Amino acid sequence: MMTKTTIPVEEFTFPGSTGCPGCGANLVMRYMLKALGERTIVTIPACCWAVMPGYWPSNCLKVPLLYCAFEATGAAISGLRAALDVKGVEDVTVVGFAGDGGTVDIGLQALSGAAERRTDAIYVMYDNEAYMNTGIQRSGSTPWGAWTTTTPVGTSHGFKHESKKDIMAIMQAHKIPYAATVSPAFPEDFVKKIEKAKRTKGFKFIHALSPCPPGWRTNPSLSVEVARLAVDARVFPLYEIDEGKVHITRKGKGLPIVDYLKVQGRFQHLTEPEIDSMQKIVDDNWIMLLLKESSGT
Amino acid sequence: MVIASEVLAKAAFKMGFEVSAFPFFGVERRGAPVTAYARIDDKPIRIKSSIYEPDYVVVLDNSLLRGVDILEGLKPEGRVLINYPEGKKLENLPPRFKYFVIDATSIAASHGIGSQTAPIVNTAIMGGFARMCDTVSLETILDSIREEAPVKEEENVAAAKEAYQRTVEATI
Amino acid sequence: MRMVMTGNYASAYGAKLARAEVIAAYPITPQTSIVEKLAEFVSSGELKAKFIPVEGEHSAMAACIAAQTAGARTYTATSSQGLTLMHEVLMWASGARLPIVMTNVSRAMAPPWNVWVDHMDTVAQRDTGWLQFFCRSNQEVLDTIIMAYKICETSGVMLPAMIVEDAFILSHTSEPVDVPEQALVDSFLPAYSPELKLEVGKPMGFGSLVKPDQYMEFRYKAMLGMKEARERILRVEQEFKHIFGRAHGGLLDLYKCADADVVMVAAGSVAATAMDVVDAMREKGMRVGLARIRAFRPFPHEEFRSLAGKTEGIAVLDRSFTFGAAGAMFTEVKSSIYSCQKRPVVKNYIAGLGGRDITPKILEKIFEDMLVVSKRGAEDEVEWVDVAGLPRRWR
Amino acid sequence: MTKSYEEITLTPISDTPSTMNITGLWRVVKPVVDKEKCKKCTICWKFCPDAAITLVDGEPIVDLRYCKGCGICAFECPSKCIIMVKEGEQ
């Protein structure tokens, strides 16, 4: 008898990936491909996922994969789509699958170009909030307050003092037809959004939070839990921007941010006032998001 | 100006000549003074360096007579065609060369090429060139204009024809 | 049909006749009219291709790489700063063994800011694994683009090729070009069908991580590809000549070198002017010749070795300079002939940087200097030509 | 084992399933499922980053060749039927 599951049963990833134990990015890829299926081509720039399929000749994806240069994901998906179009190949989903550094930093130009060109593709940013593949250096997507190897805390309290780039706002400004945030803690919501992106023509952007046990200094067993806490503490709200309209797909429990921070070693140095100021920013952002949703923008 | 040299080269090419035409290589900005060159030969043209000793000089804007040595390097038997107001005397030029004048500005304006304040004289002046230089015929110049003119081809052709008729040798 | 057109249009017609399927390009002076023309061909339907208006040159090449991996024939064009911005992905294209063809309108590097001819941009890419063809005429530009696809798409080669047009001197000069019939080009150049390509239903990963225990074998294969390209260039040109009735000189285009006391080595448009100079000097009784580097990669080492025994002096004209060393072509020529029994005197002339006109007179003076140097050796191996402040007068 | 240049493709093309990597060797602790307590909710399967859990009639079977022992399954299991035990212990 077939077991009833809440997400598609078929796997498009093989076991044996060389991701770390408890890697959130593995879940992001797994859910994404479950939603997209076989007629998918994925391109991956330099990032953890460039290593995770394994050394040649190992490949953990059951769909074709093109490795591309770090900053080139946006261009690569445009090239793939053009080739498919010119060859008359239809019903193929082209996916750019990049980390946060490859998206909000070095890859931002190509991403912007692909979005502006309305390239028919899905761009997935799995956000582990630092350059994890090279060993936890800060990126434009590292949140305020986090320790990384290039924002060492030391004696001078040198954690990251700049806030995280709002990539969803950047993408919204490109007037793309669909953008959504997804979390590995909520696979059903995740799959639904990817399926929607697949159905939508044009450029789609998916922002996936991707817990990283070594980089976040978390226990590997907590990868799903910490992703859940991010949603419940509204640090990482789940919403979509469908044809410009914001829709929050999960309101979360509204837990205090400290619940999210305390399980992560990268925030252990923060003082109470610092945590309070983070709480205020999270609260403000949440109100802004609610306002956007109610105003239909 | 860039277009004028192309029109000339393409006309000569139609007559069976080998040609090579090029602008002064630079960053093109409409209205800024530019120079363009053309070589015409009966055997293949290999030389790629600039032209330092021309046989013919064509001046599209007579304000250049004040600031530019238009005769630099001109061969002793060289000829000069100048877009010059009709009836005004050509001055301050050495008599050892042959000069031809044509009021291409008025002709272009009267045919509605460009605007009244800034007529485009490229095509009219090439009619004058056909008069000054025996190597290229008016007919091929007109054919070439028809192919090259992006708009108003018949106006451009008519302007070149008129210029051919009205080009005269100037006395210094 | 013979038409008068610029080098840039010759490039565009070349790509069109080769039936490029995906074109990704970004405008840069003086390359722009290539992409404008191609965009026109695509929008009018004359060329069945996808035109990707990318947001930069790095993306232009990255998009070509992706499209070519998925089995499309691709083309792009760039120049100078744009080419050097592509540097990373140029290596990617060759490492991925993709026979992409690109026109580079060779232009100086800034600063000083300069849009005129200079080979620094092209020469700086000599280690990227691209075949590099310097052209001396617009006809050669068009023909070489068509030939390059055929050379590069052979399973033994599978490397990208760069067709080099000198900025303005070719890119913006109009001259007669024979544009062959499409049917004739089709009979010469079959459709692109790589043995392996990225396609749904075949879950393969292209360009994966390779450990030190295997990396060298892949690089060795790329080296073999470039070696094969050498033979392919010659064979394809024979075929081309058979169909189209013209050829452009293989890897090293020799002009009146057989009995030459002194040979000038040059690449690009200046070599065309040099042919006139050779003729003029021979009329005056001086036995000079010209060896035009057509393929800079693969470098014509063997051709130079056989030339070495037949001449007393080689004047290598470089339109770029490798700081801390010498002109790159000079270095290559010297290294080619080092193992020869008889080695002529070799001297490097650095000339024409940043669009400085290399006149017939300058070329004549280089020949004259070389005729002297070939007898008594060069005091200075590398001489900068026509530089204000230096004692020697060239104009 | 290094392959001869003659045996490889022009550029590295990965065509072998990653099941060639026995990542189970990385494991320090392993999940043990108490089948009596299992409610077949499939949550452990859903959250396994390595797709190392398969469902047989709704019950999880952990492929220990690939399970890295992250412990997500044990943490997420609502009926607490999975425990992580040190390798070599029962």
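Residue numbering begins at 1 within each chain, and the chains themselves are lettered A, B, C and D in the order written.
Here, a contact is a pair of C-beta atoms (placed from the backbone, for glycine too) under 8 Å apart; a residue touches a chain by one contact, two chains touch by 3 or more.
Keep in mind it's a predicted model, so treat the numbers as computed, not measured.
Asks: Can you name the chain that lies farthest from chain D, using the mean of each chain's Cα atoms as its centre?
Replies: Checked the centroid distances; the maximum from chain D is B.
Asks: How many Å are there between the centre of chain C and the centre of chain D, using C-alpha atoms for each centre?
Replies: One centre to the other, that is 53 Å.
Asks: Between chain B and chain C, what is the gap in Å from one C-alpha centre to the other?
Replies: 35
Asks: Would you kindly tell me how far, in whole Å, the mean C-alpha position of chain B lies from that of chain A?
Replies: Chain centres of chain A and chain B, defined by C-alpha means, are spaced 63 Å apart.
Asks: On a C-alpha centroid basis, what's the spacing between chain A and chain D, in Å?
Replies: So the centroids are 23 Å from each other.
Asks: Spell out, as numbers or ranges, the residues of chain D touching 2 or more other chains.
Replies: 12-15 - these are the residues of chain D that touch more than one other chain.
Asks: Which positions in chain C are in touch with at least two other chains?
Replies: Where chain C meets two or more other chains at a single residue, that happens at 203-210, 214.
Asks: Show me, using the given definition of touch, all chain pairs that touch one another.
Replies: Touching chain pairs, listed by label, are A-C, A-D, B-C, C-D.
Asks: Using the touch definition up top, name the residues of chain B that touch chain C in the complex.
Replies: 6, 9-10, 13, 18-23, 25-27, 45-50, 52
Asks: Any idea which chain D residues touch chain C in the complex?
Replies: So the residues of chain D touching chain C come out as 2-5, 8-15.
Asks: Once bound in the complex, which stretches of chain C touch chain D?
Replies: By the definition above, chain C touches chain D via 95-97, 158, 196, 203-210, 213-214, 217-218, 220-222, 224-225.
Asks: Using the touch rule from the top, collect the residues of chain D that touch chain A in their complex.
Replies: Touch list, chain D to chain A: 12-23, 26-27, 40, 42, 45-47, 49-52, 55, 57-58, 63, 65-66, 68-72, 74-76, 84.
Asks: Which bits of chain A are touching chain C when the two form their complex?
Replies: Listed in rising order, the residues of chain A that touch chain C are 38-41, 43, 50-51, 53-59, 61-69, 71-72, 74-80, 82-87, 89, 92, 109-110, 112-113, 116-117.
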